[in-house]
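Input: one structure, supplied below.
In order of appearance the chains are A, B and C, and numbering begins at 1 in each one.
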Amino acid sequence: MVVNLSNSGLHLSRIIHGMMRLNTWGYTIDEFEYFIEKVMDLGITTFDHADIYGNGECEEIFGRLLERNPEIRKKMQLISKCGIIRKSDKFPDRRVKHYNTSKEHIIESVEKSLKNLHTDYLDLLLIHRPDPFMNPDEIAEAFYELKKSGKVLYFGVSNFTIQQFKTLQSRLSFPLITNQIEISPYNLEHFFNENIYFLLEKRINPMAWSPLSGGKLFDPDDDRGERIKKALKEVAKDFGISEIEKIVYAWLLNHPVGILPIVGSGKIERIKNAVEALEITLTREQWFMIYEASLGYKVP
Amino acid sequence: MVVNLSNSGLHLSRIIHGMMRLNTWGYTIDEFEYFIEKVMDLGITTFDHADIYGNGECEEIFGRLLERNPEIRKKMQLISKCGIIRKSDKFPDRRVKHYNTSKEHIIESVEKSLKNLHTDYLDLLLIHRPDPFMNPDEIAEAFYELKKSGKVLYFGVSNFTIQQFKTLQSRLSFPLITNQIEISPYNLEHFFNENIYFLLEKRINPMAWSPLSGGKLFDPDDDRGERIKKALKEVAKDFGISEIEKIVYAWLLNHPVGILPIVGSGKIERIKNAVEALEITLTREQWFMIYEASLGYKVP
Amino acid sequence: MVVNLSNSGLHLSRIIHGMMRLNTWGYTIDEFEYFIEKVMDLGITTFDHADIYGNGECEEIFGRLLERNPEIRKKMQLISKCGIIRKSDKFPDRRVKHYNTSKEHIIESVEKSLKNLHTDYLDLLLIHRPDPFMNPDEIAEAFYELKKSGKVLYFGVSNFTIQQFKTLQSRLSFPLITNQIEISPYNLEHFFNENIYFLLEKRINPMAWSPLSGGKLFDPDDDRGERIKKALKEVAKDFGISEIEKIVYAWLLNHPVGILPIVGSGKIERIKNAVEALEITLTREQWFMIYEASLGYKVP
C-alpha cells in the first residue's frame, strides 16, 4: 500500500483520498473525524487538496480536524495545488477565469493552504494547470523559497504535457515527482498524448484524477460508456465479483507506470473497493478488453 | 545495395523482401527455392518476417527452405517481430486481439520463430506494435537474455512514436537500430508525427512497410490516389519509363533519412522494379510533385 | 529596446521591421530613405527580409538605400531567409512550389541576397520553412561555410516544430538562435504545438510574424476575430487608449518567452504603436481575457 513516489523518498499510500468535494459530504466535524479514521484504517494516509476546492472550504474543513487532532498530521501526507484563479461570488471583481503562476501568488496560495489546513507544511505541492503565460524561472524561485522554508517538501505538476513538464523541470535542481492527470478507461488522453510513455521513461508515478470518470462508467450516457461498462462487467464476472469499480481501479493499478488513483468519495464502502482492487491482477487480455472497448475498435 | 543499418554493424540489403503473404504465393517448395535464388541474385539478402504472418505459416514455409539449404542462411539476414496476439481459428479461446510484450512472451515467440525458420538466430528482432501496457524494463530483460544467448543479434521496433522509442531505448545499453513504419506517397503519417525528423536526428534508418500502399497507387479508389498516380506518371515520363512503381521506390530511396523499403511481392519482375529504382535520382521538384499530390495542396 | 537574442551576442531591436511588402509601399528612393530614418529614430534597427519577398524586389529596393548610404549598414541588423522555391512569372519552368535546402541552394541564395542588399554580410539567416526532404548535414555544411566566410554571422529557423528544430540543431556546433513563427491573439498554434514551451525551456527568443494576423483583428471576418476584438477593446479601455493594436503588441511583448514582433507596415504611425506597446504591462487577467477570447472557451 505504501509507495516511494517516483523514488523520491516521499512515501504515500497507493490509494489517495481526494478532498475536492469534501464540502458537499455533509459531515459534522465528529462524523468527519470518524470517517477519516476509518479511511486511515484502510491504509490510506495521503489526502489530495487544492486551494480552490470548495472555494477554500475543503481545506478549511480538513483543517478543523487537524486543529482538533494535531498528532494525526504526522501519520498522513498532504497534497495541495495552486495556480488557478476562478471567478466566484467570493471575488466579484474577477473578470475571467485564469491562471497565476507568479512567484508571489504561489507562495501566497501555499501560505493560505497551510493556514486553512492547520499545518506547518505540505508534503507535496502541484501546479494545478499548465499556464500558457508561465515563467518557469518564477515558478522555480517560488519552489526554492518554499522548500528552503520547509513549507513544502516535494513538488510536482498536474495536467502538464511532456514538453510543459520538461520546461519547468529544466529550471529545477530537484525532480518534479508526479504529474496528476486524468486517467480512466473512459479517458485515454494521456496514452494518446504520450504522457504515459514519458512518465514510464522517467520512472515518474502519475496520479489519476477522476479514475471513474465522474460515474460515467456506471451510468453511461453514450456508446463509449456502454461499451466500457459491458467490458468491465465481463471482466468482473471472470473474478466472480459484481463491483465493476474494482475492475476500473485494477485496470489503473496494474499498469506498469505505477498509477496512484485518487478516490474522491465520502463513503467508506466506495473507498474500500479501491483498496480491495489492489488484490486483483488482470491478464493482458482483460486489460485490453477494457482498453479496446474505450477505443471502439481493436488495436492494429 | 548493402547498408550498414544505422551504423550498427548489421549489414542488410537496401531492398528488403517481405514475407507477410508468402503463404498465399502458391509456390511448391522447389518453386520457392528457385524464386528466392532469383531474389538473392538481385542482391536482396534480407527477409522480413513476423511470428503472426500467415498465423505462423510464413515462417514455417521459409523454414523448409532453410532446412533443405542450411548453407544459404549465412548469406541472408532474417528479421522477425513479436508482440501481437491475434484472434484466429487456431486460438479459439482468445477474446480480443491484444499485445503481449512480457519478457516471457517475447522469448517464447522468438524461440518459436527460430524453430519455424530452422535457424539458430535472428539478425534483427522488432517489437511489432507499441503496447500501451508495455513495461520497458521487461522488454529490456527479454532483449538482454536473447542477445546473451545469441538467439537475436540486433533489436528494433515497428510502428513506434518518438516518445515510445525513447521510452524503450532508455532501458537499453545498446541502440534500437530501426523503426519499421508505414511510409509511402499515400501515407505521410510519419512526416506529420515527426518520426522522420527524429530518425534523421538519431541517424536511424527506418524500414518502410507497405511502400506501395497495398496497390492503392496503381488502382486508386479516391482523389488522393488519383492525384498521386497522375504525379507519378508525370515524373515517370521525365525518365522515359512506364513503371510508376519505380518512381515510388525512388521517392522513398532518395529521402535523406535512408529508408529501406520492404517489397512484399512474390513476383520477380515486381521486385526487380524496386532494385532498379536504386538507379533513379529525383530532383527536389519531382520529389515535391509527389509529396504535394499526396497533401492535396501546395506547401506553404 | 535592444535585445541580446537568446543570449547569443547578436543584439537586435525588440521591434523588428518586416520588409515582406516593401515593394508595394510605393515610396520613391528618397521617400524610403526618409521613412527608414524615422523608423531608426524610433529605435528600430533590425530589418527582416527573405530571398522571395516581392520575388527578390524587396531586397533590391532596400539594397538601393544601402548603396546610397553604406554607412547606415553598421547601425542596423539584417535578417534574411531562404529555402522556398516559388512558382512565378520570372521562372516559367518551375512545375510546383517546393523547398530546396541543399548546400548549394542555401549558399547561392545568400549570395544573391547580399548582392541585392548591397552588403557583405547578413546578421542572421533563417531556413524559411521546414523541408520534409531536408538533409540536416547538408544544411549544416552550408551554415559552416557561410559562417567561416563571414557572409552570415548567426543562424536560425522559421516555422519549425520542436523536433525539426532539434534535428537541425543536432548537426551544429553553435546554437540556432531563433524560430520565427506566426504568433498572434488570432493564431495560438505554437501554444498548442508546444513550441512556446520548448523555446522557454531553451531560452530561445521567437520572432512573431503576422502579429496582427494580417489585419483580421481590426476587421474581423469570423466569430473568433469578433471575440478577440471585443476583448482587445475592453483591455484598451482599461489603459484609456483607443489603439487596440498596442494591446496586441503588449500581449506578445509581455509573454515570458521574450517575443520579438515583426511589424510589416510602411506607415510610421503604425510602427510607433508597436514601439509604444513596450510601455504597457498587462495583468495576467488581461492577458487571459485575450487568450480565452481566442480559444472561445474559458481555460479548464
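Observations on the model:
Heads up, the rule we're going with is that a residue touches a chain if its C-beta (ideal position, glycine included) is under 8 Å from a C-beta of that chain, and two chains touch if they have at least 3 such contacts.
By chain, with names taken from UniProt: A, B, C = Putative oxidoreductase.
Since this is a predicted model, take the numbers as computed values, not measurements.
Common neighbours of chain A and chain C under the contact rule above are B. Judged by shared residue numbers over all numbers used at their interface, chain B and chain C contact each other through mostly different positions, with under half in common. The distance from the centre of chain B to the centre of chain C, with each centre set as the mean of the Cα atoms, comes to 42 Å. Shown for chain A are the residues that touch two or more other chains, of which there are none. Contact residues of chain C toward chain A in the complex are 162, 191, 194, 196-198, 200-201, 255-256, 284-285, 287-289, 291-292, 298-300. Per the touch definition, chain B reaches chain A in the complex via residues 85, 94-100, 102, 129-130, 132-138, 159, 161, 163-164, 166-167, 170.
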